[in-house]
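The structure appears right after this line, and notes come after that.
By written order: A, B, C and D. Residues from 1 in each chain.
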Amino acid sequence: MKNLNIGLVGYGFMGRTHANAFRSVSNFFDLPYRPILNTVCARNADRANAFAAQWGFNKAETDWRRLIENPEIDLIDIASPNDTHAEIAIAAAQAGKMVMCEKPLGRNATESEAMVKAVEAAGVPNMVWYNYRRVPAVTLAKHLIDEGRLGRIFHYRAKFLQDWTISTDLPQGGEGLWRLDVNVAGSGVTGDLLAHTIDTAMWLNGGIQEVSAVTETFIKSRKHTLTGQVEPVGIDDASLFLARFNNGSLATFEATRYARGHKALYTFEINGENASIFWDLHDLHRLQYFDHRDEGQVRGWRSLHITDRDHPYMSHWWVPGLQIGYEHTFIHQVADFLEGVGSGKASSPSFRDGLATDHVTDAVLESASSRKWITVKQ
Amino acid sequence: MKNLNIGLVGYGFMGRTHANAFRSVSNFFDLPYRPILNTVCARNADRANAFAAQWGFNKAETDWRRLIENPEIDLIDIASPNDTHAEIAIAAAQAGKMVMCEKPLGRNATESEAMVKAVEAAGVPNMVWYNYRRVPAVTLAKHLIDEGRLGRIFHYRAKFLQDWTISTDLPQGGEGLWRLDVNVAGSGVTGDLLAHTIDTAMWLNGGIQEVSAVTETFIKSRKHTLTGQVEPVGIDDASLFLARFNNGSLATFEATRYARGHKALYTFEINGENASIFWDLHDLHRLQYFDHRDEGQVRGWRSLHITDRDHPYMSHWWVPGLQIGYEHTFIHQVADFLEGVGSGKASSPSFRDGLATDHVTDAVLESASSRKWITVKQ
Amino acid sequence: MKNLNIGLVGYGFMGRTHANAFRSVSNFFDLPYRPILNTVCARNADRANAFAAQWGFNKAETDWRRLIENPEIDLIDIASPNDTHAEIAIAAAQAGKMVMCEKPLGRNATESEAMVKAVEAAGVPNMVWYNYRRVPAVTLAKHLIDEGRLGRIFHYRAKFLQDWTISTDLPQGGEGLWRLDVNVAGSGVTGDLLAHTIDTAMWLNGGIQEVSAVTETFIKSRKHTLTGQVEPVGIDDASLFLARFNNGSLATFEATRYARGHKALYTFEINGENASIFWDLHDLHRLQYFDHRDEGQVRGWRSLHITDRDHPYMSHWWVPGLQIGYEHTFIHQVADFLEGVGSGKASSPSFRDGLATDHVTDAVLESASSRKWITVKQ
Amino acid sequence: MKNLNIGLVGYGFMGRTHANAFRSVSNFFDLPYRPILNTVCARNADRANAFAAQWGFNKAETDWRRLIENPEIDLIDIASPNDTHAEIAIAAAQAGKMVMCEKPLGRNATESEAMVKAVEAAGVPNMVWYNYRRVPAVTLAKHLIDEGRLGRIFHYRAKFLQDWTISTDLPQGGEGLWRLDVNVAGSGVTGDLLAHTIDTAMWLNGGIQEVSAVTETFIKSRKHTLTGQVEPVGIDDASLFLARFNNGSLATFEATRYARGHKALYTFEINGENASIFWDLHDLHRLQYFDHRDEGQVRGWRSLHITDRDHPYMSHWWVPGLQIGYEHTFIHQVADFLEGVGSGKASSPSFRDGLATDHVTDAVLESASSRKWITVKQ
């Protein structure tokens, strides 16, 4: 097992999930590489130092360029706000570093295309943190679909519902609130929550052909933390679209931060000729599965309790019946990434996969503004 | 199709469910007999007349003996308080009438034995209204067990939880409250709710060998409606017991009217070597079924939605997906009873089945008072 | 209490639910009128006679014009296929009869407008059988919304999922299958399932401003029962749309008969600034309610078990904890209609309300064909 | 923050959960002490070394006495089989080490009493790993009860259901299977699963006065891994009891490894005059709460999603809506223990609390063998 030195950029919510994943993965998985928490980078030196101490990084930096220049560091992991992704990722790739990048890849497909070009030109391993693929229940859904159990697919429906921005008192921008600042985030829920639903959907059900979308900004202006002024809100608070997949199935997608009562209710359902699957992030350790080929009298939705040793990833954890949580998806993603680096077989979602999602979110935003059906760039 | 004239005694909650069953059954089932609402009997003439008008009985009486003397009447249905069951049933049987009796059969096994003797001596069709056997989901559970799908049985657990008597202001006795008067009811929840759980359990899992029980009266005295005095409460508010069935399985049973938050939460679960079943009256149109022989990765509890045409009784109702409710169990019971009368093959639960339940409830009360394990009379 | 003579046209699934409602309502509700099952009409004399015998109609007819000519009959109830609604309703209104009509009102808004004109010109009481408004849980949702508990509404989402037409072997047209014949039905799921979701939505959340829709016919040709030939399928198998309500809230609607695992899964959710509501036809006796104003630590979705005496309609039924089923919604509708006739205050949904739904379904079909956002005629 | 050197005995399932807790706690909690993984001890040197490498212990030992002799080590953590608990704990206490011990404390109350005596005589911080108290939902239940929200308590019911020993092919004893060997384990499910339910119950609802129990060994003999012979099974496969708490409430408890379909279904419910609470380990991030004082029409069981910042422990983890899992309970326990060490205020469950549970399990086993109600030693 070789050491693999990590340079982490960002120390917020995502910085913590990534740091935890790199720090824990070797306790649970036997891998060709052991991640070493080499350096964490944040603009504010005090925060960077505190984060380094809390998580056991060897050192802290305030300029991400120093990480890229550091020959010790093998992998640059980007967990900073969206407006920094492209520049850092491209520089890291050009320096020959492996690159992992928090989602969405860029603020739009134009940025993402440049990032894809950079990592592919450099030939470096790369990955986007669409972590929900690694919920064991979601991975199992993928297996069941790939085995052909569902038959012809008729319908897909996904939603990602939150309610944390309903208050008019919430400011935009600044620490912890950059997701409300369109210049930093690129868009609102479209690039944030909706992007997650799209990544999973295309992984499970293939490419999306065309979309008809509507977006809304319910609170039109908010105080901006950085300027102290009340300013127009540039992000979308809600984003909904109809879609037709390449395989002919029809879909509804919805993301919002205005669904009172839901903190992070990401759900998807897929209906095939023979079987259907439903999953829900609020009970992420379960998968609902209906198989029409079951004997009639005892046919019903099965609540699969995804804690058994033959379920994806679960043999690495505890004993059957005992659930894991949210952060484990990041640990799984690191495990798969390192396996891929070891075997030379890239693991997904790659930057190219991340770009495909950005093509859809761009089409969604264009449809919402033009009020037309938009064909997605494939 | 021949007419079958009904004489109903009682006009309360159970009088309504029985009247509705007799009145509706021919709309949904093709049967050898069509029930005719001949006469309803209640002590109070005004109420009897009002009930007759509401439900379309040909006439009303205030003395149940007049029903038994009436040669037109084929079947006496007893829906009056528990202390009247034995006398009416015995007289009806001796007069050669068919007899249906609300549960529990008698206030104790001694009364019930006399009732069994009477109907068996007279050779008249007889039935006790343990209606929950005819919830389609419960009937399906019976079928699945009879097909041997569960294998060796290890565990049975049942509970029937209500919360309607928690208030100390509730009086005992009188209109609608005779269930709190031990002289009328015979016991508290033991003969009321617990008896239901026992009837179902023995139907599904065979005889009970021995029990260890505890009962409690949480509110020790209440105003008695009839006397106007505060009097000691003679009924049990809660009744719990451990049991060993004849087949070696172990069980817990619990009934109470002091489980805040539950109106009529009757649930049972049975665990076999190969499969398990769970049912819940609050969602009576569902049956939970787990089959260990399912393929490992997709093994899970199945939520059977009991609304399909191949589910028991459901081809008589609407279309798949549309649920029926509580009162339908009574309609099914009448349908089965009339089928049995037509075919000459008695349908259960007979008075003898009702007696078997009373042997268990008697053992429960004896165990609670002696603090010993009691062997149930078989 | 006066008698009110019913002439029922149609003897299928809906004929049964209506007959049952008229026959049972007086047992449970004290009303100014008692429905009398005067005449049932069906094209086939044998079926008409059998239906009359089963349900206790005084007589049967094979031509609906005879019902309208019959001065005894007070109310014409239309439960026959969609292509007959307009002609019968208009004739009945012109003859001065009260008219109740199964939904959708017409096959399209043009037919419906003529029907509205007829009943309003005649001044006769009229109603469309959008029965789901009378599920007690749905009625409670209406009350909670009308009390202002939700605050500003942000989102509405509804779906109605079935799976009964997935098989390619299923023919179109003929007995029990006219819903697959576009000439008879007018449309597929749009006028069938989707119309239900629209009626409820506009009742709860007001008018719909504009829609963007997509429809699909997954099975393109089926054998036609009447011709014996394989013919193109004219109906839509699935119909999905985005909507903006007049109050500014955004919505997704979906109806399909290709959602494997769902028999009649009609659900809706409404998210307001302060509270949210969710309901599901597969567990129709429950309402999910979230109130953000609840104390933080114990704030959560409440599963309201709609069986208490203070819940809409439930004081007429059994005791708390015991659920009712599907057919009760029709009984409630008759009760409200008769109350309205007695008081002279029309109860909804009137024919005019039914027309409003048809304006939306027409807009949905137009949007699906034009691939444009369509403004709904108000 | 001072370092606190850990000596861990045991490397099995519990060794892993403890090691993970000590290793991770400082990443999420700011504490007066930082645990250092000093030494792990296991009888087999290879396994000990492998475990040390996997988890980052400084070194490995094969004799636990070496840990106790090591002056560097501050805390001895016992995660080895039950038959080793007493000897190690007593020696550790006598050497002045802090002691944490996996549950049950001893194989019986006699062993446990000696352990309590040792830690109390030495005055060393001590704790038993009844980890389920630290599920945030369970901790919240404790807070709600302590605030008096439930009022007078009428009922408590708990069960812990598994199905992993149903196969007759499963041997007893040896690696991973010592829980089936009565000499090592002390008892079967009584000291294993049932002990968990008792610890929680007494924490939430106070002491247990008396019990009536029944146990069963369904598979009477199994091959013993160590001897290679088929030998009688000495443990109980199932253990059920009725109880009366000191506060007058009645209870049922059940633990079994023969409940097909359940991997680790630990549930408890408590019914008070004003409110009720239900919890379920299979969905450990939820708490069901019913408050009778809620307004009638919208009164119902609330599904509390225990992921908000104002829920116990949750401000240390991710963002609202994102669940944690099983192993976090151990992290919380270490955090509380270290807080207690820092503040000098012992945190529970102490060895004395563990002894109280053993008094109940001893009474359960005595009741099952004597078939009598047994008063629990307080």
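Note that contacts are C-beta pairs under 8 Å (C-beta built on N, C-alpha and C of every residue); 3 or more make two chains touch, one makes a residue touch a chain.
Source: prediction; values computed, not measured.
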Pair with more cross-chain C-beta pairs in contact, given A-C and C-D: A-C
Maximum centroid distance from chain A, chain identifier (CA atoms): B
Mean-CA-position distance for chain C and chain A (Å): 42
Mean-CA-position distance for chain D and chain A (Å): 36
Distance between chain centroids, defined by C-alpha means - chain C, chain D (Å): 55
Chain C, residues touching no fewer than two other chains: 262, 301, 305, 308
Contact set on chain A toward chain B in their complex: 140, 143-144, 289, 291, 294, 296-305, 308, 310-311
Parts of chain A lying in touch with chain C, wherever the complex brings them together: 154-155, 157, 159, 161, 163, 166, 212-214, 216, 218, 238, 240-242, 244, 248, 250, 252, 254, 256, 258-262, 271-276, 290, 292, 301, 371-373
Contact set on chain A toward chain D in their complex: 13, 16-17, 19-20, 23-24, 26-27, 54-56, 162, 164, 262-265, 281-285, 305, 307-308, 317-328
